[in-house]
Amino acid sequence: MLLSQAINRAFKGYLTLQNSIQNDFELSGIAPLESATSTQISYIDQDKYISSLADSKAGAVLIRESLQDKVPKGIQPLVVANPHLAFALLSALFIQNDFSQSSFAEIASTAFVSPCASLGDNVRIGEDSKIMPGVVIGDNVRIGKNCKIYPNVVIYGNTHIGNNVNIHAGSVIGCDGFGYAHTDKGEHIKIEHSGRVVIEDDVEIGANNTIDRAVFGETIIKKGAKIDNLVQIGHNCVIGEHSILVSQVGLAGSTTTGRNVIFGGQAGTGGHIHIGDFVQVAGRGAVGKNLPPHTKWGGHPLMELDEWMKFYVSLRRMLKKSTPR
Amino acid sequence: MLLSQAINRAFKGYLTLQNSIQNDFELSGIAPLESATSTQISYIDQDKYISSLADSKAGAVLIRESLQDKVPKGIQPLVVANPHLAFALLSALFIQNDFSQSSFAEIASTAFVSPCASLGDNVRIGEDSKIMPGVVIGDNVRIGKNCKIYPNVVIYGNTHIGNNVNIHAGSVIGCDGFGYAHTDKGEHIKIEHSGRVVIEDDVEIGANNTIDRAVFGETIIKKGAKIDNLVQIGHNCVIGEHSILVSQVGLAGSTTTGRNVIFGGQAGTGGHIHIGDFVQVAGRGAVGKNLPPHTKWGGHPLMELDEWMKFYVSLRRMLKKSTPR
Amino acid sequence: MLLSQAINRAFKGYLTLQNSIQNDFELSGIAPLESATSTQISYIDQDKYISSLADSKAGAVLIRESLQDKVPKGIQPLVVANPHLAFALLSALFIQNDFSQSSFAEIASTAFVSPCASLGDNVRIGEDSKIMPGVVIGDNVRIGKNCKIYPNVVIYGNTHIGNNVNIHAGSVIGCDGFGYAHTDKGEHIKIEHSGRVVIEDDVEIGANNTIDRAVFGETIIKKGAKIDNLVQIGHNCVIGEHSILVSQVGLAGSTTTGRNVIFGGQAGTGGHIHIGDFVQVAGRGAVGKNLPPHTKWGGHPLMELDEWMKFYVSLRRMLKKSTPR
């Protein structure tokens, strides 16, 4: 599909292209500025990302009128009122089919695949791995050696799983992330997620978890991490080596952690923050900012753990003083 | 089954009818006062609902002795010590079978239904919709056009789903709501839920969510609403158009929202409250009262967002002053 | 396998046995001091458990050098730097297969098992019980009379379920508990859980819950308890008769409750605590200590409910006084 055709089809009823296309080309997809190739579109929504534009190899870039002059020669500017919405609309043209009927699978002779499991196209399963009844595996999934995928787990397309990984019943790996652009009328236009989930060696994932695929690139669960039940991991998160997430933790999109980080039960994070190596967050702790390595935290609002432990005592003393009985 | 027979069978060992039945009739079911017909039973448990009795078309009403005189002629009073318990006991006689063996389904020629999906009786699936492996659909379910029902989703009987709806893996739609009446001995008697879930057009529902059916009537997710993963929506909730529920939100029964409401991650509500149009509740916010339109809230206890943002700073200053170090 | 062989195989690369084995024997498994037999290993990690050693019938005990002298004659001491880690490493030798291909099942003639359900080996299903499509049942599971196991529920091996039990769609019963020992390098070594889940009569379990099996012994949901959706129950929990757990509650391992306890939505507990009969914990309440019978609690930090209700008012008054506007 030509760039011009893609834009006509995607923008219909929502947006208008405000300039003309000088260099039409056969469009292959959408990508961030850093990784886009000459047959892909990228977008810039905020001024602060403008510096990435100079080095981009993108074929075209969605951009506001006010920033149009910053686009280097060789990149076709696509001037629109709302580049983020334009990006979402275009993403719908490049949806990948996640759960095709299997036409090819490469299953090691020592692997076990239940006859009650469903495999998508082009799946590979390594030696001694066990795929139990009711498991549904999407297209292009790779599963390493000696893994146990328990009943009714769902693994979306393109997920890569290392060796010695256990995923317990009912967990969903590689689900679409929760990302939308918004129209003037308050509608939400889905951003189709083309990234994937990567799970490294020796990871254990409990039951009924949800781990979202990345918008672009990868959501990563690193080597040796252990995840309890009913945990939510948003798109583009990176969980560091040997980290521990206790039950019902919720990590918003693009939370990244160092190694051996511990989150207690029902703790959570806002998005786009980094948690340093060996940080401990107590149960129910609510993290809204970057945390330096080797520190301990708790509470909501978040306080250093020492302070949080004293909080209740202080508060109670104070309230007793000030409250008439 | 005659009314008298139904009562004998249902009350056995738990309750005694304290008056006599003048007008026995063939009983067809249970319903709220407002919608009950002359072959249905209804109930009144609290004095404040007594005004609804005058206009009711119910055939009989479960009622306390003290309110017996308020029952209009034409409605058979059924005097019992605990009308709510009586209602729960009777509800067990009218359980619908949710997942029958399919004897009829109407599937559009352009729809795809995986051979690894299970359909109940009398299911209809619209054009271009895709039912993936491991999906289980109950009796009388309607699914519109261009929907994607991802692997291992379960849709209980009588659910109605519009067009362009995505439901991600592992979500459960139309599960029984959590409602019980209680005996003197502390046992809980299940209230069988005869309502259903309605999902309007353009809704997206993430992975491993649970959306309960209504006791009576409908739990409704309105047009364009977007729901993340691991969210709980209780019986009889109504989620307004284009509203957004981020991961791990929990809405108690009969929470209703206006349009374009946003709940941040892990936020929650108590039951029977209304959230106005365009309200925003920050992550972890705990809502226990009605909220007016166009307001922002956070914290637990809930405060206006401005106040909540200042809360931590104030608290810390105060604690520093008052805490001996 | 001989004790000596088991130790060689399990410790490889992680631990060294610091003494010699005088009494080698054919090892049959691992068990707690109280229940271990003469062909089983047990372990002691903390001084406070040393009193249990005198009465133990264990064949061998993993122990620190400093406690070696306390081991009675007749028990083979196994001196290691980290007995907990040694226990975890050895547990991997005794993993039971949870989901075998069925070679035997005993299904009552009035029970219904969907052709789309999967049964492990040696399963028994009682009269009038209904196993719906997509359900996966592990080895040696017992299900009583008149149960409804809704679609896509997964029941791990050895779970025992009584009569009149409903388990709603997507719930996972008997999943491995979340327990690991830790190496010096910060790796987590899985403790294989050999316990099981027991669900007594008249229990109802909602959708997408997770109930973990015990390390040893049993996780128990007692008669008449009712559990909503998306609830996490950790290993070795005991939920008392007629208790109620509202949606998204999370109970950490070894939480035990009396009868008729109520947990509001999103409440949680730390581990190893006991909640007395008839205790009520308000929604979002965070319990970190034992609670006496017939008391009511709320908040985080936890306060008595009365205090918690006044908390917000007091706090606000105080902040208003102290905050410059």
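By letter and in written order, the chains are A, B and C; residue numbering begins at 1 in each of them.
Operating definition for what follows: contacts are C-beta pairs under 8 Å (C-beta built on N, C-alpha and C of every residue); 3 or more make two chains touch, one makes a residue touch a chain.
As the structure is a prediction and not an experimental result, all values here were calculated from the model.
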item: Copy pair chain A, chain B: interface residue numbering same or different (half cut); value: different
item: Copies chain B and chain C - rotation angle from C-alpha fit, nearest 5 degrees; value: 120
item: Inter-chain centre distance, chain A versus chain B - centres from mean C-alpha coordinates, in Å; value: 31
item: Set of chain A residues in contact with two or more other chains; value: 134, 152, 170, 208, 230, 248, 266, 300, 311, 315, 318
item: Chain B-touching residues of chain A, taken from the complex the two chains share; value: 99, 118, 134, 136, 152, 154, 156, 170, 172, 175-176, 178, 180, 186-188, 190, 208-210, 212, 230, 232, 234, 248, 250, 252, 266, 268, 270, 286, 300-301, 303, 310-311, 314-315, 317-318
item: Chain B residues within the chain A interface of the complex; value: 114, 116, 132-134, 150-152, 166, 168-170, 202, 204, 206-208, 224, 226, 228-230, 242, 244, 246-248, 259-260, 265-266, 283-284, 300, 311-312, 315-316, 318-319, 322-323
